[in-house]
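There are structures below to look over.
Shared between the two complexes below is chain A, which pairs with chain B and chain C, respectively.
This part shows the complex of A and B:
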């Protein structure tokens, strides 16, 4: 047998080592350290600070069409991180071409373009970008995308109505205005 | 004598299978030429003779993880190679669809534990081979359990389970105790392709080192799924990721539940009809949501044979080990290629610096962090510290810093327990540093590098 084993049958070691953090946890801890200079428009909230794999994020855009709103997301990271992207969901019903009424988000780096070299910082900045530059080419809410493409001014009015908790095309949206 | 061993036809029920209680004379003669003679190809540490054979047959304890397609082959190969103390773990039960290739199971075994059924079968066929089954998850067992084995061989179908097994074996290694080095032989198959690798934890590249080489799972853009489906897979993804949560907001999808699968199949079929997309079938639905890849019995046989050869060589030193990765491609002719995966210095599992540190239970967390910063051999500036269960102190983001700041005033005796592993991250570290905490009243500033 290879030399590392003695020929004698030895009693199995009994001193138990304690488990360490999983690879996903270590990587998230590392990612968190790089979130020390987030723009003022982004806030994070940890319902359970001991659990860094589940948290909430609010984006309060200070420019663009969505200025004045406060948008909430949940992040769920599983054991496959960073080989799988975090799961991100918008918890409010909002009028946005790239976010559907159930809160699913169409952001390339959360799906097909995710790479393990990306990190939480990239995802957070990518999300903020969606509010600065809503994109009609990758629609998840088709009506909103069509609206943006055909008449930008009308789309802006609809966004403002929706953020107040009003109706757009007979669909009621959540009030997301900063109080 | 011969009749006793013809049992393939006697497959109606386990009670009717013949039982052999003793080896026939000379049964293990095939091992002698390999184990009792020196040879130019043998490993330098090889000692031909009886002690090596005795180690193989009487002492060596092997753990087989997984009793499925690869597992059945592995168990059979090990038992017929002279290993007599085999343990097997599998959390699954026998399904009727396994019977075409998982030859230790019969129709009457459907629904029973794979590990238990396979163990019984092997013990019935190979006298004096003891197979100890565990019907459950690998995560149920702790390091003390894994420490009893000489080698671990995995025939798994999940990346997650491989990562867990690999991380556990790497963490178990202790440089003061050579016995704690548990070689891991890992096999994997996917249709006509397969791979075998040998991992010597902390010595050679580990499973996690090469995770980035894995083919990423196909992920479709959510906007394509939502608006412009072109493939049957798009319709199935639509049903499972978008429609299921809409229809059953309270219930999460269980891909093992046949009713859930039926619902997905119906929903995906309707969508496919609407977009005129052919090809949505029940088995494709199952394949997409459960990520099933067709299994080929002969691929399993090839890979299991390669893996068992490595385990045999590990146990006997009769040959040089695979260094350290072999891939087999059977889909376009027959081709194999062997190369050495290098260790990844930034590997999240085996590339992390580990220190055993004495800490005083009366130091506050803040004092300890100051000492870590002041330690020139560590050289970190703004460390964040966590254990698997808690955030001790996180420098960022702000919300976590605020939530963990009160911990700074607590003494370590309250925050930590003996042997806790603290993960330290810092901008100056490639990834992290692991500190194994030793609480002691006599803690000074000195520490021992592992």
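This part shows the complex of A and C:
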């Protein structure tokens, strides 16, 4: 006969030895399970493999104005996830109407439209969308937004100059070109 | 033939009658509990709004009382949550 009571006890024992996972960690783990089918333009990197709440994301758009660039973000997820959105920051200085010079990102679902039924997949796809369809409404970089609105050709030129590490509107940007 | 029953064991199963398997907020099954509870059952029930969207009671209450949701909207359809 299987000694079910002693098995239960053993299980409880090993349970106690394991550090208890927080609600946020459990949810992030479930989110990660859905990230297997990410497009090849998106890569994740975990500087500390033990810590799934902090990681880096690289987006290498294969179409659109930002093609040829490689854009890096950090994700910081706190204990209130999924009731609070992850904190996402661009680690490079880039010229983009929806990303300011400090790397703050203006994406509705990271701010006012966040809701806890969203997951990391929605955020990552939303971020990639910003590079395919930068939008001039609700900008964080007003000059870039103004360029995009008034003169699309000039905007494209500025994007290319900035991605090379050049100057745009007397501001020096980081070289983000895929080497 | 005479049979003498010496003892018997009864077994029962239960599940919540809801229109979904998992809670959209924590992604745990309704038949399991929300992440802040330890045991499933009456202490961690599912809750449906008038919109029929269903979450663990604890998950939806937390979201309805969140600073990020001052208008108390259902996280699925962004309509005001009504019991």
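FYI, the second predicted complex is superposed on the first by the 160 of 179 C-alpha atoms of A that agree within 3 Å, B and C clash if a C-alpha of one lies under 4 Å from a C-alpha of the other, contacts with A are read in each partner's own complex, and residues count from 1 in each chain.
Operating definition for what follows: a contact is a pair of C-beta atoms (placed from the backbone, for glycine too) under 8 Å apart; a residue touches a chain by one contact, two chains touch by 3 or more.
All values reported here derive from a predicted model rather than from experimental measurement.
Touch criterion not met for A:170: it reaches neither chain B nor chain C. Once chain A of one complex is fitted onto chain A of the other, the partner contacts of A:35 are limited to chain B, with no touch recorded for chain C.
Using the contact criterion defined above for the overlaid structures, shared-chain residue A:27 touches chain B and also reaches chain C. Once the two complexes are overlaid on the shared chain, A:83 sits against chain B and chain C alike.
Comparing chain B with chain C, more residues of chain A are touched by B.
Of the two partner chains placed by the overlay, only chain B lies in contact with A:44; chain C stays clear of it. Counting contacts as defined above, chain A residues 22-23, 26-27, 30, 83-84, 114, 116 meet chain B in one complex and chain C in the other.
Listing the residues of chain A that touch chain B in their complex gives 1-7, 9-10, 12-14, 16-23, 25-27, 29-30, 32-36, 38, 43-46, 49-50, 52, 55, 79-80, 83-84, 98, 100, 102, 104-106, 108, 110-112, 114, 116, 138-140, 142.
Residues 43, 45, 51-52, 55-56, 59-60, 142-144, 147-148, 150, 159-160, 163, 167, 171-172, 174, 177-181, 183, 208, 211-212, 214, 216-217, 219-223, 226-227, 241-242, 245-246, 314-317, 321, 348-349, 352, 382, 384, 386-391, 394-400, 403-404, 417, 419-421, 423, 425-427, 431-432, 434, 436 of chain B are the ones touching chain A in the complex. On the chain C side of its complex with chain A, the touching residues are 24-28, 34-36, 59, 62-63, 66, 68-69, 73, 75-76, 78. Within the complex, the chain A residues that touch chain C are 22-23, 26-27, 30, 82-85, 114-117, 119.
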